[in-house]
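Each of the next two complexes has subunit A plus one more chain, namely subunit B in the first and subunit C in the second.
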Partner chain A sequence: MISLTIDGRAVTVPEGGTLLDGCRELGIDTPTLCWAKTLTPVNVCRVCVVELEGSRTLVPSCARKAEAGMVVRTDSPRVQASRKGVLELLASSVDTSTAPTLVAFAKRYGADPLRYGPPAPPATDRDARESGHHHVGSGEVADTVHQPMKVDNGLYVRDYGKCITCYKCVEACGTDAQNTFAIAIAGRGFDARVSTEFDVTLDDSACVYCGNCVQVCPTGALMFKSERDARDAGTWDESQQTTTRTICPFCGVGCTLELTVQDNKILRVMSPPEASVTSGNLCVKGRFGVVHVSETP
Partner chain B sequence: MWGSNAREAHPIFFHHVLKGIRHGAKLFVVDPRRTSTAEWADTHLPLNVGTDIELALGVARELIVQGLVDRDFISHATTGYAEFEAHAMPWTLERTSEVTGVTVEAIRALAHAYGRAQRAQICWTLGITEHHNAVDNVLSLIHLALLTGHVGREGSGLNPLRGQNNVQGGGDMGALPHKLPGFQDVEDDEIRGRYEALWGATIPPKKGWHLTQMFEAMGRNELRTVLVMGENPAQSEADVGHARQLLEGLDGLVVMDLFLTRTAKMAHVVLPSAAAWVETEGTVTNSERRVQRCRKALDPPGEAKSDVWILAQLARRLGVDLGEPTGEELWDELRLLSPMHRGMSWSRLEANDGLQWPCPDESHPGTPFLHGRLWERPVSGMLAPFTVVQPEGPVDQLTHEYPIRLTTGRRLDEYNTGVQTNQYRNPMRRRETVDVSPGDARALGLAEGDRARITSRRASVTCLVHVDDGLTPGLAFMTYHDADDVDTNLLTIEAIDPKAGTAEFKATAVRIEREGTHGSPSSERPAHA
Partner chain C sequence: MDLHLPNAQPTPEERAAVAAVVGEESPLGWGLADVRARRHELLEVLHELQRRVGHISAGALAEIARRLGVPPAEAYGVASFYHLFRLKPGPPRIVHVCQDISCQMAGAGNLLQEGRKVAGTRASCVAGPCLGLCDQAPAIMVSQSGASPFERACGKADVDTVVRAVLDENPPEAGPANVAATPGHRRLLRRVGVVDPMSESAYAASGGWRALARALEIGPQGVIAEVTASRLMGRGGAAFPTGRKWAAVAAQSARPHWLVCNADESEPGTFKDRVILEGDPFALVEAMTIAGVATGCERGILYLRGEYPLAHERMANAIMAARTSGKLGANVLGSGVAFDLEIRRGAGAYICGEETALFASIEGYRGEPRSKPPFPVERGVFGKPTVINTVETLVNVLDIVTDGGAAYASIGTAASTGTRLFCVSGAVARPGLVEVPFGVRLADVVDLAGGLREGATLQAILLGGAAGTMVGPEALDWPVTFEGMRERGATLGSGVVVLIDDAADGMALLRRIAAFFRDESCGQCVPCRVGTVRQEELLTRAATGRAWADDGERLQQLDQVMRDASICGLGQTASSVVMSAKNRFPHWWGAS
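And then the complex of A and B:
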């Protein structure tokens, strides 16, 4: 066990534990967007930063391993200002309409999404931009990542105007779970975006439609088509929904399915990250192939 | 992984394998095809179909002659080693290579890696068991674990990957001709007496028939009425043309199913079932013996009823009142009779991520791996036997007339006869193909997308051609996912393992020809059949 101090309180975390583990142990509510227990930390969203005595810069608590005797502050003005700034940049540049967690964090830290002006009109060329081609804006409007939604299959949609480039989908498609490598980050700086190779449609990519990217997306940029269609039609009604855990009907692995049901129809299939069999991951059959019980062909 | 394409057939299990690979584990894949599983292997061993026993003997001999066996484990925990060693000795690397088609280097690499590993597992699937000598194939793999002591320890073991979500649970619950719930022997008077006492009924004292024997009994006119629950034998049986004839000849065929399957269409009575996994409360048991709760999330459509309700109603018509038991009541009854389930209370199953049997009492945490007793000194209970098994090639032999070996399997996005998976908006859906090697395609004058005629000794079908460079010349592959379009099982042979009752789906002798100019139906049976 490793002993350290966070916000003046002593705490111990197991060997290999992080500052975030220490914060959670003490009940300090620390925001995270790009972190997930089942994924390797990539330190990109910067909303979990904390002040570490002896460190010139703020450090990401999700990835920084705890060391004996560390002195950490999570409530200093510097931490508060940094989190607010990060959330302002995110909330001003993406569509947060299906990202309640991000909106709640922004509110908590007093972030003003309109600080940089009204949002710029959606771009149609984001997928064509190359590194170094991005030009500084006029300052009149806040640049955004808005672009048309990609609907190229019947199972899930990609609405990258809502994407905060947290890398979770890339990690889930890559070495952390699926090892399919259908997507990666293309571009640099503000032009960075999640993309298949050369922005081909999913049908032409390596995608095997496991939906493990959709499962980890924190902003609704990736969404099951059944959910997106219901939301667009105005029929998505969480007060009429039930969530039930059961076991996948296909192979003998025994994956836990978490079904969102409305009007006796399965609208969404997730898997609990804590399930020892799945770690939240499913294959195309468990994720999408179970509608035989609720759809009439 | 031996005879398993887990990357496609057990994708989330394979996530755990991939995690192992990322942490430095070595993967060997024994499979005639270069599957997407094989693409992850350090070494792929593309053996000739049906030469698993020979390959295992070759690996065993190499382990023995290189001193990579665990002599202490063999002497304390096993019997029959001397006979086995003598049996394996002729299988030199060179001879094994010649018979199996696997290179000497690959066989040696597998033997040395397996023998030297601290922990090693052999996982297998239907590539081992869908043969006429399925049990002998499994014994051959067990021998490798017994030689090296890779069994009964954390991280080491023998792992048959179950193909269906409750095939293990069906066995647990006594859906086997010779076992009562909890794998208790039906022919043991004392054991049977316990069940009879609780149930207040007499149980037939002799074991019954398994599926294959039932079809044989239909052929002898001894079985005249059949109740089929959630099975589609009119498309899934080997030599399915013959199976259909037998089903058609029955006095009574009653089918319980979610859908009007091919089998249900042949039935005299169809009883629409609720989907047990999502429209009822109950349990399933997965491949690692984990008993897991299934919960009701949907109301069944129309007149569909749970299997339990239907069976209780049938019982009532037969003069027995079973009431309308809940899933929990049935589970508690099982716990009274099955010692290995006794500790799994309904509330423990609710609270935990399932529990692995055996779990004899409520303080027992469940059992992550079996056969640990083989490491006790002295070993309690029976020692693990080596059994001399003779290699026997596939029943359906290759000849000049039928020169190509057809093997069958699953694809990632489909499942069995497609009853459940032909309904979702699957972007990967493709028409059924016969996959052939580039060399055979050239020799036969076939190109991608052509239509070919595939003929076995039993029947002939046509389908589209896919050229797959993961196949070696002489090997072809089909699935039976799209059985309404391409009736693959008309081709397969009903060569049955006498002990396990499994048919040799993995080894059919066929010839493949470019489909001629005269249009013909997609499937037909030869006049003599």
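And then the complex of A and C:
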């Protein structure tokens, strides 16, 4: 066990544990967006930063391993200012309409999404942008990642105007879960984006429609088509929905399914990350096959 | 790994380009283990495709996936990261026109416009970042793909040069750099412009390989002791004690150890490493060999920026010649110790000068910085203990080993030992590379470059590059030492000194620096990815007299969040010049 101090309180975490583990042990509510228990920390969203004594800059609590005697502050003005700043930058550049967690964090830290001006209109050329070049705007509007939604299959949509580039989907598609490698980050800087090779459709890519990317997406950029359709039709109504846990009927593995049901229709199938069998990962049958239960006449 | 291969087929030329790097296919089919270990060849394969075919096609990605085992989406992610690779067909001739500060002050904006007019559809004339020819501003680079490919950098370009670069079979080439040193202190530059850089025997005759012989004599511990005694500090910008770095790697039990020379010199205003790579390539081979032997590395990698074709040619020649004459290989100078070197080229990404991004790039991944700790001395390239030093740091080791660390430490000041290279450009009479002992005044550095250009009135000085500090003429009195600059809130960075006269538009320079950081951010972390965009938007408003009421406060906040919360040095310093200029030159912000 490793002993350290966070916000003046002593805490111990197991060997290999992180500062975030320490914060959670103490009940210090620490925001995270790119972190997930089942994925390798990439520490890119920077909302979990904390002040570490002796460190010139703030450090990401999700990835920084605890060391004996560390002195950490999560409540200092510096930490608060950085978290607010990061959330302001995010909220000013993406569509947060289906990202309640992000919106709640922004509210908690007093981040103003309009701090950098009104959002720029959607762009249609984001997938064709070249590294090292960009168009210089007027400065009157805040550049955004807003863009048309990609709908190229009947199972899930990719609405990258809502993407915060947290790498979770890429990790889930890669070595952290599925080992399919259908998507990766392409481009650079503000034009960095999640993409298949040459932006080919999912059908032409390596995608196997396991939907494990949808499972981990924190902003609704990846969404069941059934959910997207219901939202677009104005029929998505969380007050009318129930969540039911069951076991996938398709094979003997026994993955836990979490069905979102409205009007006797299955609109979404998730799997709880704490489920013992596959830690929230499913295959195409469990993820997208079960919805047919409600379509059978 | 069971990869899904795209339907697109490679052309015979694309197949051949990939095979030229990874070898012909075995008739028995591809062994999986073999393929898996090949990802590190990805960047070289992409270079070869760009050179022969002029772009990276979907068919080429399919071939890469098949031969290297890299998923097409990931190969696309890597190819689209670097700006020297093109992902759609285009004219075989590409002319890069540098837009960074020294070139901008010398009229690079106009060159680009004229070049584009002439180019039409016959060539691509593109804006680009610093080409490391600031001493010969404005600079361009010509690259030709296809049947007779070549790459060539050219300085002191005018409209006529750009027209020739666009149209001619044989465009002009850059000239040699001006070099100067404080009398009695020409050490790192002693052979530059004097000794034939292509001749191993000329190098040997001018005192070359003596340091290596001495290093083998005193052994690894002896070398590290001398380097530690010299108090040599890294010249890349962070000023970390070299001896401590070497000792840390030498003590690691994990094997193999790797030596990496960071020659991805891309800091705008910097050209010192280029001058050494081109002018004294054997010195770097010798210094890397000493470093490798001292720290228990059997292999070294020279990561060279993609924009340095002449340096590539000369370093490749030097490595070959050193191998032939027994300085590199299984038995270095007959000592029984093994060490060898290879070159890896970057492909246009400033961020790859950051050491962990550089490792990722070598390994065939996107050049995205990794978190530290673990530090490179523990887990560097390929996850192994790694010594990484810049070119200038390494060549210092030659004199340290030959003359002893104590003798070296007697040069300069107590806290900044040895000599330092400064890249002086802008409004000076003889822009060039200057070597001075630490402790002289900045004015002495400028004097060695011929002093201020006749008729010019000094307005500002950019110290340390785009990630450095904008200071006023009073800085000419400052001593050039690590500690002296730190006390004054400035940095020597990579030794950049750009003299800015009063004809220059200060805000235009700041906007270019902001644009540079926006282009060069890897895009991984939020503060830098979005912060660099917001910084540029804010400067655009300021430059056009449309600043919002609280933009000053907004800039302050951007600076704070980028400095405190970014993953790496790029984001942490992306607002450094802008903030220093805001304090020192408030009138650049217009009426306010």
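Heads up, the rule we're going with is that the second predicted complex is superposed on the first by the 293 of 297 C-alpha atoms of A that agree within 3 Å, B and C clash if a C-alpha of one lies under 4 Å from a C-alpha of the other, contacts with A are read in each partner's own complex, and residues count from 1 in each chain.
The rule is short, and it goes like this: a residue touches a chain if its C-beta (ideal position, glycine included) is under 8 Å from a C-beta of that chain, and two chains touch if they have at least 3 such contacts.
None of these values were measured; they are calculated from a predicted model.
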Using the touch definition from the top, say if A:136 reaches subunit B (first), subunit C (second), both or neither.
-> second
Between subunit B (first) and subunit C (second), which, if any, makes contact with A:278: first, second, both or neither?
-> first
Just subunit B (first), just subunit C (second), both, or neither: which does A:155 touch?
-> first
Which of the two partners, first being subunit B and second being subunit C, lies in contact with A:202: first, second, both, or neither?
-> first
Once the shared chain is lined up, is A:115 touching subunit B (first), subunit C (second), both, or neither of them?
-> second
Return first, second, both or neither, reflecting whether A:179 touches subunit B, subunit C, both chains, or no partner chain.
-> both
Go through subunit A and flag every residue that touches subunit B in one model and subunit C in the other.
-> 179
Mind listing the subunit A positions that touch subunit B in their complex?
-> 153-155, 175, 177-179, 202-203, 208-210, 242, 244-256, 259, 261, 264-266, 274-279, 281-286, 288-295, 297
Note: in the complex, subunit B contacts subunit A through residues 9-13, 15, 18, 22, 161-168, 258-259, 275, 277-279, 284-288, 290, 292-299, 353-354, 412-413, 415, 419-428
Per the touch rule above, subunit A residues touching subunit C in the complex are 42-47, 49, 57-58, 60, 63-65, 78, 81-82, 85-86, 89-90, 92-93, 115-117, 130-134, 136-140, 142-143, 164-165, 179-192, 195-198, 200, 204-206
In the complex with subunit A, residue positions of subunit C that touch it = 1, 3-4, 6-7, 58, 61, 71-77, 80-83, 86-87, 126-129, 348-349, 366, 371, 373, 515, 518-527, 529-534, 536-541, 544, 546, 548, 554, 557-558, 560-561, 563-567, 572
